[in-house]
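Two complexes are shown next, each including chain A; its partner changes from chain B in the first to chain C in the second.
Entry: the complex of A and B
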C-alpha cells in the first residue's frame, strides 16, 4: 500500500526535479567548473588569497627544493619564511608556467636538477637520495595549488599528458608520468610529515611530496583554519586529519569531496583496526616523529586491497552490507548452527561466502549497547580477503572494530569451512586473547553441524541473482538499500543488488557504471543541494536514483527507456523486492548469550558482558 | 582423513618465529602443500595441524610484523619446538631474532628445542638452487613456468649471514636459556639453511624436528599412563592399523 502512494507521488517529483536533472550529460563539466571556481574550500574564504603564500617557495625551483629538504625538520618555519616574504601573486603564476614546462616535458633538464642537488645534500644529508625525483611531483602539487587561483586556469596542467598503462607495483617509479596518471592516489602521513602509506610507489621516495602536503596542512593550520580540499581542472585533492594522522586523496575520478572523504575515513579506520586509535595516539604523544611504518610494515597489502575494494564494490559507497540471497529457512538453520557453537567471551559469529554475508549472530548483551556497523564489517571482509594466502590454516589475530570501539582489540578467528575451495569462511570474534583453542572448538562444532545438514552444498548453490529475474525488460541493474525502520532499527544496514551482467560484464564497463552511480550518489547527497530524485540520461544508459524516508534506490535502464516507463519499472521493482525480502536480506539477526556468569574479560565489549543473563532463547523471542 | 585429524587434540606444538618477509609462511607452505607460491603478509598467527604418523603436530605460523609482537608469547606457550627463521641475504633478520623473538620463547616448554633456519638459500647457494622442485602431479604444473625460468640465472644474491653466525646465535640462545651446551642438541644439527622456493632442506628441517620432539610426546603419554583407560587412544591405534593394511 505504501508503495502505491509513493507511486502516485513519483511523476510529480520527477517533473520537479526535471530541469535540474536534464543538465545531465554535461553535468559533470559544469560541476567541475563550479568546483574549480570554488578554489580551496576551507572554512575561511579569505584563505585562498593567503594560500598563494604557499607557492612562495617555488618561484625559483631551488626554493621549491627548500621545503622538501626540510621534510625531516620542522616544516612550518621554512615554509613561512619564503611565504612571508611573499612573492606577489603574479610571480607565482608566472613561475607556475615555467615549472609546468620543466615538469611536463619529461626531464632531460638534468642541469637544473644538478644545480639543486648540492643544496639538498647540505640541507638534509640524511634524507634518501630520491629527493630529486619526487621534487618534481611536489612542484606539480604546488602547480595545482596555484591553479586554483586562476579558476579557469590554462590547461597547461603538467600532469595528464600521455596515456600510459599504469604498472601496478609498490616499487613503481614515482617520477614516471604513469605514476601521475593514476586515477586515485591515497597518501597517509604523520603530523610530522613522515610518510606512512602511499597507494602507488614507495612512501620513502615520496617523502618530499608528503612533506609538501604536510606543509600545506600546517600552513593553513597556523591561520587557525583547516585545509579541506584543493580543486584543479583534473584533480581533486582532499585532506583529512584524524588525530596525529593526515590522509590525502588525490583523485581525478570526479567523485565528490564527500565521497573521497568517506574513503579516506575507511583507510584511517583500517589502520585503526590494526593498531587501535588509543595506541596510535599514545605512540605519537610520546614521539612526534615516530615512523609508523614500523608497525604497519606488511599491512600495505591490506590497505591496497581496501582501496581496490572501495573502487570496485558499491557497499562502501552505500555504507551497507551485501548479503548473499538465501532461502530464509536455510539462513535460519545456519544461524542456529552458529548459535549452538558458543564459548565464553565469544561475541560475534559471522559466516561469509563469496565475499558476501551469509549470516551473523551476536552475543546478546553486546548488541544492546551497540551493533556491528557495516563499515566495521567491510574492514573485516577486507582483512579476510588479504589474509587468505594460506587457506588451510586457522588464523587467530587481534583486530579492532573502529566504529564499535576504536580503542580495544577483538580477537578474530578466521577459518574456511570448505578447504581446499575456500569459499565459505567462518569468522568468530572473541574478547579473550587466549581463547583460540576454545574458539577453534566452536568451529569444529559448526563444521559438524554444517555437515549434518549438508549445509555446505546448499550454500554452494546459493548465488546472486540476475536483474532479469525482476521481470522488467529495460532494467539493467539496481542497488536498493532499505533504511532502518523502527521495529528493527538495531539491524545491520544492508543493500541488495543483482549481478552486473552484460553490457557491464567487462571490468571497464563495470567501473563506468559504478562511476555513474557515484555521480548519482553525490547529487543525492550533495551537501549544498541534496536531491530526492534524479533522472539522468547518460550516453549509453539512463539512470534513476530515488531516496525516500524508507529506502535509497539506484537504477540503471537501457538508454531507450522513457521517463514514464522507468517509473513504472521502479514500481514493479519495489514490489518484487518486497516479495523477495526474506531471501535478499537478513531479517532479524539472531543473538546468543555466552555469559551465564560475569566474564573475566570484557575489554572489547564495552563492559557488556558483565550483565549476567540466563535466558538464552533470544533467537526465539525475536521470531 | 584430514577431518579426522582435525577433530583430534594436538599432541605437540611447534612455532615458527622470525622477522617479516623471511619466508615463514612459505616454508610451511612448501612442507605442507609441496609448492611455493607468493604469500601475503600473515596477520596474527595461523594454526595448522599436521598428522605425522599417529601424532598430531600443531604448527603455529606467526606474523613477523612488529604490530603483532604482543601475541608472540601466547603462540609460544607450551611449545615443544621453536623454529627461528632468518633470511640469509639479510643480516638484520638475524639480528631481529635475537632482539625480538628469542625473548618470546620464555613461555615455551622448559625442554623446548630450538632450530635456527636461514631461508632463501637458493639466492646464494648453488646447491640449494639446483635442487629440483619435487614433482607432484597437478600442482607442479602451475609451478612449472617459475621453475623452468629460474635455472637460466645462477644465484647471485649476496649472502649476508654465514652458517657460523647462525651457530653462534644458537649457542647464545642456549646461554640465554641457561642451558649447558653439552647437554643440548649440537648446533650443527640445529642450524639449517633452506629454500622454500626450491624445497631445499625443507623436509629435512621439519622431519628432523618432528623426530626430535617425539620424546616429548612419549613422555606426555607416559605421564598420562594412569590407571584410567583412555578410550580415545585405543581407537587411534586401531584406526592406524587397518589403514596400513588396506
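Entry: the complex of A and C
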C-alpha cells in the first residue's frame, strides 16, 4: 500500500516552476544540464562536457566542498578525500564515511550509527547515481559549520566563530511542562514513522509521539481519506504529507491552518534544498525505514533557524522579499558591478546586507524562463544566516532551489565582502559544479569593483526607515506589497515595511503586532471566503488590511484614529510609497548573458504565455 | 440535501451536496478497557447498521486523537478533527463520556465523460467549527433536559438503562438535526425577547403571581408571546434549552389553530367552553375526553446542584403560551388540569388580546416599515437576548435566511475573531461580492450588520451603522 501511495503522491509533489514539458531540450541546456548531470550521473564525462558547455578545470573531479580561508588562500580541507575520484561507488563510500565521522562527533548516539552504517554504506554503494553524494556534501558542510560554531573550528579562525551558540533545543525534557508550552512545535517524520526532525526536544525521546502521528495519518488514509488538522481550545495541529515525508505543526499561535501549512512547506522545501526531492523520494523508495537524520545530521540548526525566522519575519507570511532601501543610483551601480563579473553558467548574482536584499542580477535566459521565487530566496537567506561559519571565507556548496526545480542542484558560492564585520554577503549561483575557481574569480572582480566605488561604506550607511518619515500622524506601522509592476511583471515579489518602533519595540509587542497582521492576512486571503478589505478597531490599535489588483496593504494606526483620517492617511501613504518606490524596491532587475550562444529567443515568448498577466482592476476605487 | 447547480449544461449536471450527518456516537473509554471488549465502550451509535468492527475502529480513532492532543495540553483535549471528506466534533459533557458527531463536508459532484465515474470535490473550508461544535453541545443539553445526566442514569439502572435512554432519545432527535441550515444563531443559542411596555409587562407578572398563588404545586413559570419570551422563573441555562425546544419543536407542531377556519379540523374543540381559547400543548389534548391521559413530559433542571425533575405543562391561548413546571414527584390528576384550565384559560385569553393590541399600537407609532438598508443580528451574552432580522422564521426543519450563505459564514468568522481577545472591538469587512459586513462587540454584546449598499464606502457604511445603533440600540454604547 505504501508503495502505491508514493506513486500516487509523487506527481503532485513535484512542483516544478517550469514543468518538464516546457523545457525543450535544445533550449534548456545551460540550466538543465546541471539538473540532468545531477539527476542522471554527474560522472558521465560525455554529459557534463557537452551540456555544461565548459571544460571544467578538473574534469572528473568530484565536487567536494571547499572551505577556503580568506587569509590563507584556497586550501581544500581534507573532508572529501583526494580529488579525481572516478568511480561513483568509491565517492559514495568516501562521503558516507566522512559524514559518519561527523555524526560520531556531534551526536552521542554514535554507537547506534556504528551499528547501522555498514548496511547503509552498501545501500548507497549499490546505486549508480551520485545524487546522494551531493546531498551529503551539503550536509557535511553544514555539519561542519555547526561544529565550528560550537568549538572554534580547527581550520579557520575568524572572530565570527567564537560566539557561543544558544543552548540546544535538542536536550529538552519532552515530558516537562515547559516543553508543552512552546508556541509552535514542528515535527518531521518519514512514512515509516521514523523521526527526522523535532524543533524542540530530542527526536529519539519523541519517537513514540511521532509514531502516534504517523498512525493517525495512516489510519485516516485507510478510510480513503486524508487527515488535515486537529483543533483543541489551545492548539492547532496541522498534518501535511509531502512525498515520503510527513510534517506536523502543533501550534498555539492561533494562526490559520493555511498559514501553518505554508510554514510546513517552507520546512519541507528547506530539506529539499539540501537533498533534492528526487533524492528524498529515491531514498525512501529503496528503503522505507531509512533514517533520514543520517543525511541531515548537523542541519537541525538550519531548520531551527528557519522556524525562528518564520515566526519573526513577515517576508514568509507575504511570500515576498524585503529589500534594503537604497538610492537607486547606488543600487544600479551595484547591479552593474555584478553584471560585469560573470562567467559561463553563472545564473544568479545576489547581494545581501543585513539579511535584506540589495540587488539581484539574473542570467537572461533564466529570467525569461522562470523567475526566482521569493520562497527560494528566503531559504537561501536562512541558510546564510543560520551559520556564522559561512563567515569563514569562501563556501562552494550544492544547493537546490525547490520552487525553481526541486530535483536539481545549483552550486552556490557564498562569501562575505566585508570581513570581519560580515554584513554584506555575496551569493553566486552556478549550474556548473566544477566552476568554483571561475566563480571565485567573479567574486574577486566584484570585490575590486566595490572597492573602486567605495560601495561598502555607502551600503553601511543604508538602513531601513521609520513610519514617522511618511509624515502621517497616527500611522504606526505598515506592510505594503505591490503586485507585479506592469512594465516588468516577472520580477521578484517584494514588500516594504518600516522598522517596528514604539509601542512595538519590545519582543512581546512586536510579535503581538505580527500576530495581528497574520490574522488579518488569513481572513483577507481565506481560501473559501476571501475579502477585499478589513477595518479592525480594537483597544490597543486600529488595523486596516486592503487587497486590490495592484497591491496588498496592511496598516496599523493608533486606536483613536477615525475612519476618515485613516483613509486620508492611506491616501497619503500610497502617495509617499509612489514617490519613494525607486528607493524601496528593485525596480527593474538587470540581466546578463553568460551563454556563449545566445540564439535562443524562441522560448522566451513560450515561457511568458502561461504566466498570468499582472493586469488589475480598480485602483483606489474603494476609498 | 442535494441541490442542482444552476450552471448545469444539458446532460452535464453538476451536483452540489450540502453538509450531512455521517455518524453520531457516544462512548466511554472506561467501559471496555481490555482488548476484545472494545464494543462495550460504545453506548450509542448512529447509524446502527454500521458493522461492529467499523464502529470500534471509529471510536478508537477518537480515543487516539483525544489522547494525542493531551500530549500537548492535558486539560484541553481535541474538539474537532478535520479531514478531506469530513469533520468530527468531540464533546465530553460528563467525565469520560464522549459524544462524537461526524459531518460530511459539502461536496460538488462533477460528471465525467461517458464511462468514468464522476469527480467529487470536497469543500473543506465551508463548515464552521464554532457552529457545529455548538450544535453538538445542544444535542447533549436537549438530551439532558428530557433525560437528566448520563451519570444519574448509570446510578439508576447501569449501562443498560443509559443505552436505552440514549437509543430512545437520539433515534428521533437526530432526524430533526438539519445540518445544512446551521449558522451563527446556533452558536448564540439565544432567546428572543418580546418587546413590551411597562404596563403590559406588569399585567403579565401579576398574572403569573396570581396563578402561582392559587396553584401552589407550580414551581416555575415561563411566559411567551409570539414565540418570544416575556417572563421566566427558570435558571438562564435551563430556559435557554427549554426555549429552543419550545420554539423549534413544540410550537411548530401545534401551529396556530386559532388562525384556521371555523370548520377546519385543526380548530380545537371549544364547544361548551366559549369563554376562552386556552388549550394544553402538552398532556391532554381534550379535557372532555373521558379517555384523556394526564401524562406530561418530564424535564430535568438545575442538574448542576439541586437536580430537579419536573412535569412540563405548556398551555396556550392564541399567541400567548405559558409553561408551568411542577415537581415530578406529584401525580397530576384530571381535577388539577381542569382547575388549571378554568383558572388560566380565560385570563390568558384576555391577556393575549391585550398584548396583541398593545403590540399593534406600538407598531403603528414606529411608522410603516420600509425596506431597511441593512439586516442585523444582535446578541447579549448577559441575558442571552437575541434578535435577528436576517432570519425569517426559525423552526426545527428550516432556517430561512434572507442573505447569501457565504455572508452568514462571514458573520461566523467575525464571531470567531471576537473570541480571540476579551476586549471591545469593531470589525468592518468588504466581501468579494462587495457587500459590507460590520461586527461590533461591546462589553457582553455583539452586533452584526449586513449592508445592502454595494457602492458605499467605508465612511458611508460607518454612518449607516451609527444610524442603526441610534434607532435600535440607543441605550447601548458601541465602540466607534
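In this text, the second predicted complex is superposed on the first by the 424 of 623 C-alpha atoms of A that agree within 3 Å, B and C clash if a C-alpha of one lies under 4 Å from a C-alpha of the other, contacts with A are read in each partner's own complex, and residues count from 1 in each chain.
The definition used in the following text is that contacts are C-beta pairs under 8 Å (C-beta built on N, C-alpha and C of every residue); 3 or more make two chains touch, one makes a residue touch a chain.
Every value quoted in this text rests on a predicted model; they were computed, and no experiment measured them.
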Inset, instruction - Applying the touch criterion given at the start, work out whether A:294 contacts chain B, chain C, both or neither, answering first, second, both or neither. - result: first
Inset, instruction - Tell me which partner A:397 touches in the superposition: chain B (first), chain C (second), both or neither. - result: first
Legend entry - Which of chain B and chain C A:435 touches, first, second, both or neither: neither
Legend entry - Superposed model, chain A: greater residue contact from chain B or chain C: C
Inset, instruction - Pick one for A:180: touches chain B only (first), chain C only (second), both, or neither. - result: second
Inset, instruction - Examine A:472 and indicate which partner it touches, taking first as chain B and second as chain C; both and neither are also allowed. - result: neither
Inset, instruction - Would you sort A:538 into first (chain B), second (chain C), both or neither based on which partner it touches? - result: second
Inset, instruction - Figure out whether A:307 sits in contact with chain B (first) or chain C (second), or with both, or with neither. - result: neither
Inset, instruction - Would you check which partner chain A:381 touches, where first means chain B only, second means chain C only, and both and neither mean what they say? - result: neither
Inset, instruction - Could you please specify the touching residues of chain C with respect to chain A in the complex? - result: 61, 64-65, 67-69, 71-73, 76-86, 123-126, 129, 406, 409-410, 413, 417, 420-421, 423-432, 434, 457-459, 462, 479-480
Inset, instruction - Sort out for me which residues of chain A touch chain C in the complex. - result: 180, 185, 209, 212-213, 215-216, 219-220, 225-235, 237, 250, 254, 257, 519, 523, 526-539, 563-564, 567, 622-623
Legend entry - Complex interface listing, chain B residues touching chain A: 2-3, 6-7, 20-21, 25, 28-29, 32-33, 39-48, 61, 63-68, 70-71, 74
Inset, instruction - Write out the stretch or stretches of chain A touching chain B in their complex. - result: 274-275, 294-299, 301-302, 383, 386-390, 392-398, 412, 419, 433-434, 436, 440, 444, 447
